[in-house]
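The structure appears right after this line, and notes come after that.
Which chain is which? They are A, B, C, D and E, in the order written, and residues in each are numbered from 1.
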């Protein structure tokens, strides 16, 4: 739940105020610039956004990627260099935004959710990826330690695929494609976890199963909330007329859109499965209660009357006082007769239980 | 539930009748006027709405804020001064309206819900904020003790941000922003309450947990009903052509809209979590019933047959009367043999329970 | 459920056939006519619809209200006088229609649902109000004993508000406003009933609670089905171009529309609350079962082994026959030792239960 | 479930292939022709569709109704005579279609569901009614024994209502009206069944109640699937421009549309009621379990300790061996003292149970 | 669940990369070509896609069907021959796509789901069918062993129906029709399985029923996810303007669309039925628990007090020590009197249980 809360300004703060975020990830900042056209390619590590000035205003595509915790002053430098809107800059710093796409006059701004399995805590971690697209620039942000865009950089360097022959919009597509496709391994991990739990649960449900199911349900809930709006974002990219995106590139965004739908489909199936497992858990518990009760009822129903019977002959009425007082005690076949009665009653009850289908 | 009911007129009353509300909050009325342009700034506490006449009809933006219980005659004075519609005036007095936006020819009228945690009763309190926007005036109403707009006034005085350079629509945005963002601390408080309860519940569910869950569910229900229409209101402000709102200001309303969506997302997650906790509660209760039953069944199943057995040898059949009468009692090893039988049956049952995985 | 059924024609009857309704309310028919313009005002009790002929075809607004059971011949007279469609006339007689609005060439026809608490049976009763609006006439029908439109008549007589200065459409609005606002006291009554039950249920659930919840759920279900379409009807009045309604009057219909939404909101909250109470009921029952079981388990687990133990020493093995036969019986400290063993086992079990948190 | 399945062609069959249906109803085929205009009227029983040739191509309305099992060759004759599309002909033979409306160039084709209570099996039976409408002909099909259109024929013969004065579209409306209105008696029957079960269930739930509820839920499910699309079909007829339907007749189709909505409303209420009854059933069972447990717990808790106590004094420790061995046995007031102890413990427990509110 | 996962590229791979799929079905590849016009017909088995060159560019319709595992190089040959888009080619190899339709400039691309009952494992297997439609060619892919299109080929050879007289769009329709109609036998199988389980469950629920229900629910879930989008695909084909599909053929696609809706209807009914069966299962378990408890309670409540009573007279108080010590033991009618008391108490309890309706 932490992903969502604690990420807001004090109510009443002036909008677009850039303040240092309260919760830092502690990842040192690094600024990577790539400038490319079909023919040329330059790659630089920048000390400050200012250093990118020589590359601006040219026809080549300029891609600046900022990894780690960003500071307000770096954001405002970037804002001035590329003409970025201050409301968008605020959303980059206050990570934990809902995936969305905002169109401004001279660029547009997107935030996406980048899910990742944290192997240490066995939980899913979400990072916010922020992206600006202008006529010939892309500015991207990722707050975590791990830079997911390294393979894209590799493809740019080696001229793999179409990426060097196309504009900034295709670059944006490649980045989105990476972020969205990172959802698949996360879902695969989740699917395996659920299948493991399923076999365990169907074998023998324990109380810890319940905790696990509750935790997993919340995880899926969170993941759904975070990934659902991405579908909408991609849909907007495919359907709407947007100035910075080439009609030919839209086919690729449509492919991305299909991936987000596949991810949502999987999430829905997982959610239904986990809900189904909760039902199975509850039914199993009920069933076992029933089983226990059956054993108890059978044992108690057989032995309680017998105990009463032997109690009768344990009474200290004596024949001496009255001929009415338990003459059976002194019959020659009294004791075997009692056993006969008891055995018959046991057999009778067993037949009764068998008819009632209790075992 | 009280928030909704008891706020209606008698059916059959003439529409637009301004009557003193039945339930007063007992907050003394105060009328604050601010008139500003980029250059000028005046701030006044008014005794009566009439005192604002000198500021009307000028190009500068006039903002009148009325805090506390309003009386019908003050409303009708305001109505005449600014040309406000009598149906809107009625809705200001009858607080508890659903958030909505009504467009009239010469102004538009909005009501919003302002949630607040009442620390004394640990419950959420909702106040209705009413707002009128005309070409160069804003009239706002808040019935509670606490004036949430003080930070805005501060920013106006100190020329912080863009607020002094823009028109009445930007002022309206700032006020909406404050009201909506006040939802975040309320949700944070709720989130912490839910997390506290969650750890408690997973440790050991008690009957009071159920009452708490029921109360919280109702609170969330109420909050949802009250905040949900705000989304629609903001959406209308962003999408529709409205005469009093500048196209450039719409970007800011879009930001507000995003906040309302984030708040609704959080509410949904909380609701799903509370529903999930109810399931956990029920399952835990079932599980514990099962546990109890298992102990009872094991104990009863082991000892009831044994009690029967020792009952047998407590019977007063005497060997004297018949050789059939419990000769075991007089065997040399009769007593140890009985113990052997009993111990074997106990061991047998324990093995049976172990196979059935009962402990 | 009776509200809906038994109100249909035999399948195969010719459409628009006016037949006397099968179920009559037994309310004597009364026809009230009011004809007004800003200057003039006449009020009459008519014997037959025919008597209204002098008022027709004038510019003044004519309002005919028919209270009580209508007969086919009165309907057909009205139909001829005002040119009403025979399908609409049929729907007036067959009360129990879904709220709807039908536009015909020369008038339009509405049915609304008028809810009322029947204090005798503690149930909600629904009456169908039918309304025709033409260019300068309104014809209204109410089948019950109580005429809800008396306050409107009073306002017309006394020239209260705008009603005398406006046309037939404003009169229609006033009537709708009355019918819709009658929903508020009904909901208030329901809300109080639910709150009463809530405190009762949280204190101690009994079996009659369940019956009450079931009954209330059905009542809410019915109310929802009957009131929900009114929202749609009002929405149609506000949004669509309709020839008989002035653009300026639409603001008032918008206000009515807001009221229907508020009523639906309240109904939803009530429904969710009643559903929540059912969950609370079930959980309470489970919880109490658990409590019972715990007491039984504790008592049985403590005493069953002890009973076995004292049973052992009640056996009639005699030391005389064998030194193996219960020598403890003859030990000097045998009896106190047995008590020691028993007390220790009780203490052990109590510790075990305390660890398991059973009391 | 049988209504839906077994009605498909082998996958891979050529579309529009007319084959004899696998499941025949065994109803002999009869072809009834009526040809009418305002002035003229002829009624015939045809041996073969060919016999209708003299009536085609005239301005009068020709209505052919085919009752019973149709054979492929009759269908193809009809197809040629009226120019019907082969896909539509296929759907007439393969009854069990979803209600739908298909527009072809020269006619349109509808299928409707005709529900009927089968009094013998206490179940609801669905028949498919197929209808073709051309410029001046209607061809209708009904596979069952009972011809629902007899009252329409009667009205045609006797010139009742508007039916003889209007065209083929009004005839179609009359037929639809009959088919849809036949839903009302079915729903009335269902409503009475549900009410009967409700009183029974609230009095004393048995296991057969569950079976009944399950059966009824499935029946409602089926009915809903079969009737729901009719609403859509009627809506299409009312809203869309269709060449064969006069604008003036649409008012009548709107009335039919209202009936389908009323039927769906009733079905929804029934479904919610049956679901509510299932909850009541489950809660009643839980409640009774609780009651049983309470009795058992009270009895066991009172008598198990007492049984232990009397067991103690049944032990064979003898005073002779040790002064410690149960001296109470030999006290003068030992026996009454024991009873005192036992009575006190019973009273104590009863007070405890009373405090716990167990009876 | 396996159907969905493991079918994605490594995040970061260049889009449109054709790599050999990780999971192969092991079905040898076969390429079947049919080229036909109304007059001509040729059928060939190709070794490589290249062999189809003589047939391209002619007015006749060319249909290439590829059965079995496809290799990247075959895909790229096909891509070059017919000008297919590389994103579409990628989706053919990575089977497990959601049914969809993508329009490209010179062709369009569809994927459909082909369900099949795997009789060995009693589970439903899904195969992806991929289809390309160009102006006069169709390319189809099926990865499984069984070629579902053989009947179509037969109809082409024998000139059955309209297939030889129409273009590539009608051929596409025929293929879609086969794939969609294969859903019916699968649903019929499922329906029979559910009915079988239903009778079994209503007779006597066992724990394996629960596993079966869980499995079936997942199967239905999966089937629904896989078949639901087909409806959307067909709807798009019917509604939208598409260059490659003749207006006259759309009537046939509308028929296909009806079939997808019928299939979804059936699936919904099955899902609701399976959910209903889970409720029945749970209720049955509760009911049986209740039954067990009733027997236990009756037996225990009758015999526990009696056992106490006979325990009393088993105590070793002796009359010798005190006249208070159980004088009843020595009464002449003591023993019969005790039996009288016991029998009376049993009868009393039986009457009590009968009143409580426990048997």
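Remarks
Convention: a residue touches a chain if its C-beta (ideal position, glycine included) is under 8 Å from a C-beta of that chain, and two chains touch if they have at least 3 such contacts.
Just so it is clear, the structure is predicted and the values come from calculations on it, not from any experiment.
Shared contact partners of chain C and chain D, listed by label: none present. Here chain A and chain B face each other with different sets of residues for the most part; under half of the interface numbers are shared between them. With centres set at the average Cα position, the gap from chain B to chain C is 25 Å. Put simply, the C-alpha centre of chain A and that of chain C have 40 angstrom between them. Contacts with at least two other chains are made by residues 282, 286, 289, 293, 296, 300, 304, 307, 311, 314-316, 326 of chain E.
With chains as nodes and touching pairs as edges, the resulting graph is a single ring in which every chain has exactly two contacts.
Chain C meets chain D in the complex at residues 1, 4-6, 8-9, 11-17, 85, 87, 97-98, 100, 102, 104, 204, 207, 210-211, 214, 217-218, 221-222, 225, 278, 281-282, 285-286, 288-289, 291-293, 295-296, 299-300, 303-304, 306-307, 310-311, 313-316, 326, 329-336, 338.
Chain E makes touch with chain D in their complex at residues 148, 150-152, 155, 160-163, 173-174, 177-178, 181-182, 184-185, 187-188, 191, 194-195, 202, 251-252, 254-255, 258, 261-262, 265-266, 268-269, 272-273, 276-277, 279-280, 282-284, 286-287, 289-290, 293-294, 296-297, 300-301, 304-305, 307-308, 311-312, 314-318, 321-322, 324-326, 356-358.
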